[in-house]
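Take a look at the structures below.
Across the two complexes that follow, chain A remains constant while its partner is chain B and subsequently chain C.
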Partner chain A sequence: MKTNIRLNPDKSVQAFYLFFIIHTSQIGAGLMGVPRILALEAGVDAWISVLIAGVYLHFIAYVMLSILKSYDNADILGIQCDLFGKWVGKTLGLVYVLYIFQLLLTVLKNYIEVVQVFVFPEMPIWLMALFLISLMVYSIVGGFRVVVGTSVIFFFLTIWLAFTIYKPITYMDLEHFLPVMQTSPWDVLKGAQQVTFSVLGLEILLFVYPYIQNKKEAALPVHLGVFFTTFLIMLVTVVSIGYFSPDQLKQTVWATLSLFKIISFSVLERFDFIAVALWMMVIIPNLVLFGWMIVHSLKRLFNFSEKPSLYTLAVLLFIISVIIEERIGLNELTNWTGRIGFWIVFIYPLFIYMVIILKKLLKKGQTS
Partner chain B sequence: MKKWTILIIIITFLSGCIPKSYIETLGIITAVGYDLTEEDRIRGTLVMFQFDPAASGTSQVVTGEADTSKGIRFSTGRLTSHELVSGQVRLEIFENKLAERGMMKYMDTLQRDAKVSDMGYLATSEVPTEELLKSENDEDRPNTGSYIQKLIEKSIKNESIPNAVLSTFIHDYYDEGRDPTLPSLTLDEDKAVINGISLFQNDRLVNTISQERMFFVMLMMHEFKHGQFQLQLPNDALTMYHKKESMESPGKGPLHVSLHEIKTKRKITPTKGTPTKQTLKLEMEGRLLEITQDTDLKNNKAIEALEKEIEKKVENQLEETLQVLKDNQVDPVGFGAKYNAFNRSNRVTNENWREQIPDLQVEFQVNFKLLRYGITE
Partner chain C sequence: MVTRFPMSAEEFMNIVKEELNDSPDLIQKVFQIKGQSIIVQYIAYQIKKDRLERDLLEVITSSNNRWTNEDLINKIPISSTVQEEKMDKIIQQMIHGSVSIYIEGEKNVVLFALQNQNHRSLNRAETESLVFGPQVSFTESLITNLNVVRWRLDTEDLVVEKLIVGERIQSEVRIVYLKSLANNENVETMRQRIKDLKVAEVEDTSVLGQLIEDSSSTVFPQLIFTELPDRFCTSISRGRIGVMVDKSPTMLIGPMNLFSFFESTEDLYMRWNMGTFIRSLRFIAMALSIILTPMYVAALTFHYEIIPSTLLVSLGQSRATVPFPPVLEALLLEMLIELLREAGARLPTKVGQTMGIVGGIVLGQAAVEAGFTSNILIIIIALSALSSFTAPSYLMGTAIRLIRFPMILLAGAWGIIGIVFALSFLVIHLLKQKSLGRPYLSPIYPFQWNDFNDSFFRVPFPKNTGRSKYLMTKDQDRYSKAKASERKDVDPT
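Let's look at the complex of A and B:
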């Protein structure tokens, strides 16, 4: 496998699209439940956890960019093979593929669960799965540019949801935040780790980098995307802490969606139904981007041609998503994905970066 | 291209698999009342709204008995040809006997079911809710459920009762050092009316505060924007400022003042370390609309004296109201929560605060400012 990818310019995209790619792959099903998960660990100081996690996110994004910059036009799969040799590199690449598959499955299952709980309890899982997966396949067939276009369009179609949060803001009780730092610093750090579970998807940078035309300008959109993700998570966390009582928040599974429950217009009694439906547009870029990553990686690693592997992926995804039926199973799946993702996305790049630096030092030692 | 055509056709047909509900076949529940029967079961009364193209505003009341609140919907199912749905429930009334046993076990379903709106109103009732919802003497009959809902909504807007939506109740219930309140309803000449505020220990109803005291509970709980109330002052408080012209009988009868457009600012300051010692500072502004004794309001001293008297009276009433709250061991104001917000040590929890409430001492500092006194002098 070649370390560097050579591409036609008509297949690549401008650097500023990285903002949408990174942001839409980070925001997904996780945002619906993140306030509660944080509150379980860090209580009312969860917003500090978000701050810490935000800073760390920027750091990891910086590390990822540094890794990529030390090669001309490589992605993580090529870099792994270059660093560790063909066999180890390909195995590690396969680990990535499996992890992204699990992430894809988690996102899909979580969204179907929400639709069933909030809107259509009788709707069968296979039907929802079929709809979403066929949309995913449809976009990926169009190639990388269509995938990116999907994330751009759906970003603009859903971002206005953030403004509807003004209503819960008027119900906020600011005294919930006082006194600051009731939770032990260790718990706040654990909360910060929980934040990272909800913003998995940053690793996409390691895959799409070769497809960027003006790589010198990549840093700004990447950091902007990460910042905007942190901002949204901060927003829903702060509003949830103010709106719900601390103990109440710990029992509200989808706190973000419950915030929408009090919004109503005279022509529309229950806005949360609309929000759940619109959330599909938040989910689809996730599915499409992750699906593209899998198909693309399989091609890079084993030279599988794209369409057969895409269809196999779709069928596999469909079957597994129907088999995992119970909520308990889904909870465990989500927890596992979070834990594995934390190591792969937020620790592993540090390791790679160190290896690259070591290698450079060794080379220097040899030449001089 | 052909492939995609087939796929699109399949998807179009598959969308027929989504469950449908036709509005004419639905019985949309708008209000629910829960009573306790002699055999310790729950009797539920549902007010349901039907869309009938021929008639306008038809609604029906059905009653069923069961052990859970969802069971009621099930057991009332045999009484109506319509599909009962709970997406539009805007009012839930609990009989006092039921509320005394704790509301949370009945509320659980409201909280758990995503179909139920968080903005529905809650209330308690002194009479069985079945009678309340079947009463026929109100303006909005036959839909008494929506009458009561509008009544509560209006009263909240007028700032005469605290907010009573489901999300507020649950919030206050879970908040440490704060108890929820609800409006209390009763029947008056076959018409549902608000007769006070129900006090809760956690989720158990303990007592109802009478409507005369409602304003003072509100003064402690809430910052007014345009409230109104009347006050009886000591009969001879303003004797020296009575108008000379009408000296014959200026001070006859009790001295009442009616105040409008009341704005308040409230500040609760807990003492460090001791949650039971707190200060409540109240800045009030209001407009005098009525005074039952002929008083010379041009005189600044008269105004000052009036303000002083009002302050004294309000402080006095607040003390008495607080005593009622202390006797019932409830804290709807959230003195405990306030303490928690500013103190790290000796924190208040739902359990230990209950025992401390009888020792609660609040120093009231009321400052009243009369802004205008009508267009006459």
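Let's look at the complex of A and C:
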């Protein structure tokens, strides 16, 4: 496998699309329930956890960009093969693929669960899975440009949901935040780790980088995307802590979605129905981008042609999502995805970066 | 058939007769002048007889010298003259309205073009009427249409390319664009697609349009068909490419994006703020037209909660007597509206209006009183039907009405989840469309902030100095911004 990818310019996109790609792959199922998970660990100081996680995210984004910059036009799959040799590199690539598959499955299952809880208790899982997977396949078949387009358009179609949060803000009780710094620093850090699941998706940078035209300007959109993600998580966390009482928050599984319950317009009594349904549009870029990553990686690693592997992926995803039924299983799955993702996305790049630096030092030592 | 001139008069006349299948309208006449046989042949209804007699026959018969082909070309006051020696070409020209003259013993046949075409004169536009602005519409005659286009685009920059399409019945096709503006790749795509056509015949521009479209599986039109010269010429002067087909009053323009289907030239003639207002009204109307009825169905079938309690009471009252589920009720009324529209389109104008009143008012009123539908649904259906008619492009309006039906069904089956699924599918579907290879959803994706000027808003002309980026015109600026805002007023304040 070649380390660097050569592309014809039709397939590549401008750097500023990285903002949409990174942001929409990060925001998804995680955002729906992140306030409660944080509150369980860090209590009312959850917002400090988000702050720490945000700073660390920027750091990791910087590390990822540095890794990519040390090659011409490579993605993580090529870099792994270059650093560790063909077999280890391909195995590590396969680990990535499996992890993304799990992530995809978790996002899918989480949203189906939400639909069942909020809108249609009797909605069969297989039908929802069919809806979402068919949309995913339909978009990925269009190629990389359609995949990026999906992320851009669905961003614009859903971002206005963030403005509706003004209503819960007016009901916030600032006393909920007091006393500040009551939680132990260890718990706050653990809370920061819990943010992981909500911000998984940053790793897509390691895959799409070769598809960017003006790579010199890549840093700004990446950091903006990460910043915007952190900002949204911060927003819902702060508003949730202020809006719900501490005990209530610990029992509200999908706190972000519950915030929508209070919003009503003169022509629309219960906005949360609309919001939950529209959340499908938040989920779709997730599915599409992750699905593309899998198909693209399989092509890079084992030279599988794209359409058969896409259809296989769709069928596998469908079968597995129907098999896992109970809420317990889903919780377990989400936890595991968070934990694995933490190591793969937030720790592993550091390791790669160190290896690259060591290798450079060694080369310098040899030549001089 | 290999025929060699010179040949005898009888031989030539027989061959022509045979080639034209013994047409009863073939006129063959031999003049004997100064011992010369001059054969005049034409198809009676294809030529202008008065000109034939005045300009041609009179000159020929009154001459004192023997005629040669050279004399025919030089001395007869008709400018479009051709010499032909191939039989099939001669026949073809005669069919198109030429008079063939053969002097026995010559090696060529001389053909004079005296076409007589009957076509209507320029009329007011019917399908795409404007409130103000130019009112004229194209006709079926390519010559008239070219004349109109030349008159509106009065520049040597205008290129009119001629192509012939159709293997059995040939049609003349013209590609029109501005040389210094239109993107070469676009022109090349359009030309190539038309040239590559292998079809028996092309009935109309809209058929040609469907043949050269990027995707034929979608309901959305990818190229605009228009009957308005001002729309056609405005598009060309912006760097688009136009196609004209003989015998068709509609013209084709490309490349297009989704939003240009909601533009009307009227937006340009109005002040910018009104233009923007009306354009955004059309976008809102489109959204309403797609969403409104499915939302009603979804809300009444599954999600009573989202309807405000005050409205719910009156809704419940008006629906209390309706025996059908909301899906059926909505489909029934949608069908009714579609039937009214179709019947109105087929009937003569005067009867059509009566139809509208009878169908719309009487039927609607009776349907509610008979407990067939609820009042509110009637309002909603009427609103969404009205909205779909605001699209300046008739085909786009039809497409929007069509996608409403699957959406109503999905809403009836899975409520709001079905609606969002359908909308998501629609968006991804639109993302994948292209028009002449250019992205259909531009300027949203690929994102071009500058192009919002011409698609969503109509900014004041002094501010709108750039051209649409997605057309990739050779010249990116309309005019300089500084000069446009420069004032030379009498009043120096």
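What we mean here is this: the second predicted complex is superposed on the first by the 368 of 368 C-alpha atoms of A that agree within 3 Å, B and C clash if a C-alpha of one lies under 4 Å from a C-alpha of the other, contacts with A are read in each partner's own complex, and residues count from 1 in each chain.
Assume a contact is a pair of C-beta atoms (placed from the backbone, for glycine too) under 8 Å apart; a residue touches a chain by one contact, two chains touch by 3 or more.
None of the values given here were measured: they were computed from a predicted structure.
**Q** If you stack the two complexes on chain A, which partner ends up touching A:P246: first (chain B), second (chain C), both, or neither?
**A** Only chain B; A:P246 stays clear of chain C.
**Q** For A:V88, select first, second, both or neither according to whether it touches chain B, chain C, the two together, or no partner.
**A** A:V88 sits against neither chain B nor chain C.
**Q** So in the superposed three-chain picture, is A:L98 touching just chain B, just chain C, both, or none of them (first/second/both/neither)?
**A** neither
**Q** Applying the touch criterion given at the start, work out whether A:V267 contacts chain B, chain C, both or neither, answering first, second, both or neither.
**A** A:V267: touches chain C, not chain B.
**Q** A:M123 in the overlay: touching chain B, chain C, both, or neither? Say first, second, both or neither.
**A** It touches chain B and chain C both.
**Q** In the superposed arrangement, does A:F131 touch chain B (first), chain C (second), both or neither?
**A** After superposing on A, A:F131 lies in contact with both chain B and chain C.
**Q** Let me test your reading of the model: by the given contact rule, A:I357 touches which partner, first (chain B), second (chain C), both or neither?
**A** A:I357: touches no partner chain.
**Q** Pick out the shared contact residues on chain A: the ones touching chain B in one complex and chain C in the other.
**A** Comparing the two interfaces on chain A, one with chain B and one with chain C, the shared residues are 119-120, 123, 127, 131, 264, 269-270.
**Q** Spell out the part of chain A that touches chain C in their complex, as residue ranges.
**A** 13-14, 16-17, 115, 119-120, 123, 127-128, 131, 135, 138-139, 142, 146, 148-150, 152-154, 156-157, 264, 266-271, 273-274, 277-278, 280-281, 284
**Q** Can you tell me which positions in chain B touch chain A when the two form their complex?
**A** That would be residues 7, 11, 14, 17-19, 87-88, 114, 117-119, 167, 170-176, 337-338, 341-344 of chain B.
**Q** Provide the residue numbers of chain C that touch chain A in the complex, in ascending order.
**A** Residues 302-303, 305-309, 311, 414-417, 419-421, 423-425, 427-429, 431-432, 439, 441, 444-447 of chain C touch chain A in their complex.
**Q** Can you name the residues of chain A that touch chain B in the complex?
**A** Of all residues in chain A, those touching chain B are 117-120, 122-124, 127, 130-131, 134, 171, 173, 175-176, 178-179, 182, 243-248, 258, 261-262, 264, 269-270, 272.
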